[in-house]
């Protein structure tokens, strides 16, 4: 038996872990949205691919975990790029709805192919550094949770540096806000879009790899995770990359508190109710600023 | 007689930028009145605030004696004023005729239920809307293109169509936001004629325009704005020779 | 404008015409016994449905190679249900109306089975379902049979054990789908019969990635045992989270995890947990004179040599359904009774002492499952393998 | 002239279509095909409503399966638990759905683009969870059994043939109402909102009224479809009304052709019957589905119906061009 306080602490720890994953997935949404205004419904599939390719790397190619993980990140980045080349780029001036359907089509396609390559069974990979739980004020932390947090921080800091310090990163941000101006000053917009697909593939894959030891990985795991990631991106403020992480954490913590204190059956209903309230009362997201609307 | 439209100390801020600064303006019934001024003078903002598209920061707008500030656009239109847009806002996927028929929206009553079941009075109303809309198209000279998709018209014709659509609301006050922008000389001259014809239908016109020749040709009264303020007003001849106006324009160039 | 309106019309008429043409294709008389098979070979229940489909296809091939039934071949007509009720209904209608099958085996899930019961009863086609829920055969419907042990039996097997160990309070954690829901109901209904109280009733979604919250809540109660009810991978996550949270009370799983995959997924965390399972799992540990031993060994060997991987109990349910259907037809042929839907149905109720993978089936007019909870054994996971716990 | 206007009238197509629908059972003797057509009919009812919302008014909804489900569950639960006759069930379902749709639509439709998509998606998921969790009413995830077969005015529709006629007639009524609506003042207002909200607004169109109105109407269509579904299958479970089905509905609208009622019906027919054709490729079904979805959007972004139309027109144009060239050469 543990006390209510300890339980709540445990809920929060769990919330932070899951929230970081949602945040990473949301980050993938934000990166693509930022350079293209596309919501990529195949983002969840990137996560699934990250996990499954790592599994293959370890079990079939007998690579050590870090190499398998790097391989997976690179491969999924390439898949993201291929997706842009073959499914997104052929469309010029497509409407938002068309693009949504395209990415949904891509997600169904990727899922279908994955079910052939890996079958329908779930897989797992060993935890990065053992499974001995770490006691924490009566609650426990799984070592893998720390990995999740660590990887999230590394990616967030890395992306921030990339966007703030490098020319390419700055160019990508420019594309988001002023695509025409960007092309006028000589930025290759379509290259930046390509890059954003690759980058979000890589981030998605990383998310898939860090949770694989905790939650198993299966050809159809991407759907729900993708939705939650989308949710995180919206809660944080679409187009504000760090917003996705803040949104993810908020979503994760509220969801697990809701499940723990109210009802686990209604867990997702609680998460999505929060989302709706957020959209109704603060549609620009936690980090977003109200824009002056000009006509 | 009280003016048809009055703005009193009308102010609009965008963040730190003051687009309208305690603007007092009067539009008298039956006239063609123009608002001119350099880029960024706040002319389009003025239209947006009057038509209710964006809220005012402070001050009031009176139309026909009633305060309309804070009302949603459709309520303001319902009182008898409508506008066109500087960057066209046509319903591009609809036909020319259908665009004008939308303009008749306020002058008809069919609702979800009655329309779905096509009650007898709806059939009659539809016929009336159609006939009246064709009349408007004839007035502006677009009746031959009535079945074309609006988005497929040449730019100049689209401007005219937007005007026809606005006319179909049967307004007392019609606000035209740079109707000559993008038009060639011939088209602009046709437009001038059209504006005068519209004025003869007892429709008051408030015109924002950059094309000075057009303004000087059609206007009864001209107001000049700069940086959100009114700096001069009077008949075209007075404005042409006003020093403040010259300064505002020259200062810019 | 006019032209395009015409094309639009053509766009509607063409597909309709296509349907009509297809419909007009004559249904030819058949020379073989037609058995319809409907399993969820893709979709959320594909981990169950795929081995079921494989099994049935394998058996069809073997049977026909051996000459079929009384010289007539057997033809399996398979449709994928995707575990979707609407698709299942369509598939069943297709089997009945278009393919004109004698008997149908499947579907995979309880929900889809319940969805088609009305049609089955109306059209009077015998059905042998491979789904778990007791609602399928209780109350008895004339044409509906099923081969898996019911979830009632699985629950009773667990509760029996708990009662023996003197446990009074249990916490249950079930997945929010048909399988978990049915288990949850039985767990709650049967608890008092075994002197148990359910002190925590937690749920999770099929695609949830973490059950720490639910287990933390359970940890906050005075439960003496946890029972989890789901098919993979959920229970593996529960096993892992339980270990991570340092929960010491024993964990019982449903028969839904009865495949090696569960042990593989949970790593070490499944050690010392229990589950009720068909004997297929522990076939090498059965006593030499166990009546099912031969059937189970044969099935396991032939499945594994053909498809690789390991045979699981779900495939076993399909195996039983197929063999029972064949047995009924064979009996009719032997008795020289005309084989049709009604005679098969009647014959099914006569089948007794049939040794299958799930147990020994004794069908009757009152029992369309024909199994007892003895079809289950309680298995413990030890050293990464199954061990008979009895 | 009269012939042309006859062809141009939206009702000509309707009459042809109605005659065709009612004649089909004479040619189709196999009830399995009627079953497929019934499902197509039910789906087209929802998709028509969704098209009014998406294609005409330009408001996306990724949660329409929820209204379909609510319609099915209200009538289904009333029938299974208390023996309420289907007609009464329909009435209560319509009342219930309009209240829910109005309450939800009001704040939701103020949102635009992806935010609207996300909000409707969230709503759909919340409703789905309620179907699962209110198990004392809905039977939970394992489903609701015991829904009575459709009986209306003393007639029981218990064969596929009779049900086909019922669904066809309901569908035709809804199609007719929709044709009326889109060719009216209201329909123009809706399309105007799609074209430019601001312009519509300054022309006197009260945006919120029309957005909410059409949202409620499309929800009601879905509820009618749900009611037909519940009393046809006589079993419902939450899995039929989930997120994936909402997505499928949207793809039906888009693949068919946005902003065309015929496109909606075409899309529903195609995507409902596609799996029946794809059984040939069986295991590759999902892959094929994904490819079809993507290629239609890439090569015919205006949807199949318009895409085929454009294609045919282009071919005709080329043929006539060629013959003109030919004529010139001959000269």
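Labels A, B, C and D are assigned to the chains in the order they are written; within every chain, residues are numbered from 1.
Note that contacts are C-beta pairs under 8 Å (C-beta built on N, C-alpha and C of every residue); 3 or more make two chains touch, one makes a residue touch a chain.
For clarity, every value in this text was computed on a predicted model and none was experimentally measured.
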Sort the other chains by how far their Cα centres are from that of subunit C and give me the top one.
B
Which chain has the mean of its C-alpha atoms lying nearest to the mean of all protein C-alpha atoms shown?
D
Averaged-CA centre spacing for the pair subunit D and subunit A, given as whole angstrom:
32
Can you give the whole-Å distance between the Cα centres of subunit C and subunit D?
34
Dist(centroid_CA(subunit B), centroid_CA(subunit D)) in Å evaluates to 40
Rounded Å distance, subunit A centre to subunit B centre (Cα mean):
48
Where in subunit C do residues touch two or more of the other chains?
1, 42, 44, 176, 203
Counting only residues that touch at least 2 other chains, which ones in subunit B make the list?
53, 85
I need the residues of subunit A touching at least two other chains; which ones are they?
115, 223, 265, 268, 295
Flag every residue of subunit D that touches subunit C in the complex, lowest number first.
4, 7-8, 12-13, 16-17, 20, 24, 27-33, 35-37, 39, 132-133, 135, 140-143, 145, 158, 160, 229, 233-237, 239-240, 260, 262, 265-266, 269-270, 273, 275-276, 279, 282-283, 285-286, 304-305, 308-309, 312-313, 316
Complex contact set, residues of subunit A against subunit C:
1-4, 7, 10-11, 13-14, 17-18, 21, 115, 120-124, 126, 131, 133, 139-140, 142, 211, 214-216, 218, 220-221, 223-225, 256, 259-260, 264-265, 267-268
For the subunit D and subunit B complex, residues of the former touching the latter:
177-178, 180-181, 184-189, 191-192, 194-196, 198-207, 213-214, 217, 259
Going by the contact rule set out above, which residues of subunit B touch subunit D in the complex?
51-53, 72-74, 76-78, 82-83, 85, 89-94, 98, 101-106, 108-112, 115-118, 122, 125-126, 129, 165-166, 169
Listed in rising order, the residues of subunit A that touch subunit D in the complex are 33, 39, 87, 90-91, 94-98, 100-102, 104-113, 115-116, 223, 227, 230-231, 234, 238, 263, 265-266, 268-269, 272-273, 275-276, 279-280, 283, 295
